[in-house]
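To keep things simple, chains are lettered A, B and C as they appear, and every chain counts its residues starting from 1.
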Amino acid sequence: MSLGLESTVEALLFLSADPVEADALAAATGAELHEVVSALERLREHYEFERRGLVLRELAGGWLLSTHPEAEPAARRLLARPRTPPLTPAQAETLAIVAYLQPVSRPEIARIRGVNAESAAATLLERGLIEESGRSQFGAVLYRTSELFLRLFGLGSLEELPAVSEFDPSPELEAELRERLLQAGEARAAG
Amino acid sequence: MSLGLESTVEALLFLSADPVEADALAAATGAELHEVVSALERLREHYEFERRGLVLRELAGGWLLSTHPEAEPAARRLLARPRTPPLTPAQAETLAIVAYLQPVSRPEIARIRGVNAESAAATLLERGLIEESGRSQFGAVLYRTSELFLRLFGLGSLEELPAVSEFDPSPELEAELRERLLQAGEARAAG
Amino acid sequence: MRIADLELDLDVFAGPFDLLLTLVLREEIDLLEVDLAEVVIAYIDHLERRGELDLEAATEFLVLIAALLELKSRLLLPGQEVDELIELDPGEAAEELLARLLDAHRYRSAAEHLRDRLAGQEGHRFRSAPLPPAIRRASLDEAGAVYDPARLASAIGDLLKIPEPVDVRHMVGSRVTVAERLTHLRALLRRGSFNFDEAVARADRVTVAVTLYAVLELFKQGELSWTQEEPFGEITIEPRRANGAVAPAERLTA
């Protein structure tokens, strides 16, 4: 026995972050619109009568799965705590570049690191440590650190970032920090 | 009547993008671990026996909801993108080497494959199947498989991969290679 | 076709690839004298003639040629004891080649397994959606200081370090081609004789080396000859005709 229409619709709504129109569900499942409408109705009743953790709601022109409001306190306990596993070297490098140079684009980060910054930047974004801040004149997404970043590093503001001079092996160079990082990055890439 | 533990767990898993450990579910719901474990079991059975559109699976060290595979054709029509494009032979070989030898550097991968691993490794990185894991003593970036790798390949942990010895060439093949490499030439050298 | 049967016609060896391997392993042919690039070119020619790629055979060839290259580069590496330089235990080398082939097979089977596994997971999709705002909002209040800002400063310090310049120019593919230098030399030859230093004025080392190679090539083709009075002295290059005589125009300018 193959999966019923109600269950297929359930799977489709599970995958959709935004409301889905019944028409779109009909097109995807190959069912008639009226069949989809009654499958949606059965799904809604199933969640309600069985007191499942999910709720089916009809919103601005579409159908959306969300969680039962009574699960919210537990969800907050599970998910509201920021995820703070130790930073990998690649993440620490990427985050440091964003922190000291912000706003900074991904291509610039890659030039300084000498390797692709894609996955480290994606993780930092996902954990909310950095966020997008417009686009550069060349259309690249720019990053800056977030409010959460300040909290997790115990900083009142960006001015409280430690001075680089302490860790700077070449303080005699006059150039701006950005310039010097790019130069060092290019030297690394060439090496 | 408040929401039952099974339904609360269902809601939490619906919201979580990553696999969740039973411990974390217990902490969030305030229930005992053994209660959570049996709630997870009931949830898994509910989806299975009622032929729902969702499946509860233990992957990458935690619990995660996914869609039922039979909903895949409809999902593909609705979302208009394949779940994961298949791997090319070069990508699969590179991934296999990383999976079994991690952490491993790109030069090492190239050594085993006999060819450059650059573009295959870049694609695997971009797809999030492998990630950086520090640098070797010679400064080469080391790679390991990611959590996403476990998830997409349906693995609870790396231990579930078959032992690499299972892929040892058969004694017949080994004899044939030896023959091809050494004795065949010897015969010609003699003849 | 099996790789073993690849027919080669090299300067130091003519015959099938497997025989070359055996002779190298038995030290009857010095690996240092085998032009591996020629082996690769022979293989590519062979592929072009066949017009299709036998993946199995190609993998085996790549693994073997890469292992040979590595053995050869080990022989070429300077700074080792002279004994070690000439010593390539044939038995060990053979076992190493075999081990490489076995490894390549092993990971190819493992790759096959992974691809099947991935295909078997087809259809299990996961949800990826942002958290509802009500739950996201709480996160700032829950955030305590867990990371040390000094980590960021030290990461920046590391990134500011300019690495010791490593001279790897010899490893970068040369930007100057033999063909280019041939054209350059022929242009100079048309004007008469010249000395080598003029031909490579202000050029980098790679260009000098490639130019020297181009000189040798033109010598081989009988287009020029040269004289050098003493070691490290000036090299005077003059044009020759195909029959070997110095061109008359040349005598006038010389």
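Rule of thumb we're sticking to: a residue touches a chain if its C-beta (ideal position, glycine included) is under 8 Å from a C-beta of that chain, and two chains touch if they have at least 3 such contacts.
These numbers were taken from a predicted model, which means no experiment stands behind them.
Visitor: Where the centre means the average of the CA atoms, what chain is farthest from subunit A?
Guide: Centroid comparison gives C as the farthest chain from subunit A.
Visitor: Report the chain closest to the protein's overall CA mean, measuring from each chain's own CA mean.
Guide: Answer for the innermost chain: B.
Visitor: Give, as an integer number of Å, the spacing between the C-alpha centres of subunit B and subunit A.
Guide: 22
Visitor: Could you tell me the distance, in whole angstrom, between the mean C-alpha positions of subunit B and subunit C?
Guide: 34
Visitor: Could you please state the distance in Å, as a whole number, between where the Cα atoms of subunit A are centred and where those of subunit C are centred?
Guide: The separation of the two C-alpha centroids amounts to 42 Å.
Visitor: Taking each residue of subunit C in turn, which ones touch at least two of the other chains?
Guide: 125, 127-129, 131-132, 135
Visitor: At which residue positions does subunit A touch at least two other chains?
Guide: 11, 14-16, 67, 75, 79, 89
Visitor: State the interface residues of subunit A toward subunit C in the complex, per the touch definition above.
Guide: Within the complex, subunit A touches subunit C at residues 11, 14-17, 66-67, 72, 75-76, 79-82, 84, 87, 89, 92-93, 95-97, 99-100, 112-113, 128, 147-148, 151-155, 160-164, 166-170, 177, 180-181, 183-185, 187-188, 191.
Visitor: Would you pull the subunit B residues touching subunit A in the complex into a rising list?
Guide: Touch residues, subunit B against subunit A: 1-4, 6-12, 14-16, 20, 24-25, 27-30, 51-54, 65, 67-68, 70-71, 74-75, 77-79, 122, 125-126, 128, 131-135, 141.
Visitor: For the complex, which residues does subunit C have touching subunit A?
Guide: 125, 127-132, 134-136, 138-140, 142-166, 168
Visitor: Any idea which subunit C residues touch subunit B in the complex?
Guide: 2-4, 15-16, 18-23, 25-26, 28, 55, 59, 62-67, 70, 94, 97-98, 100-115, 117-129, 131-132, 135
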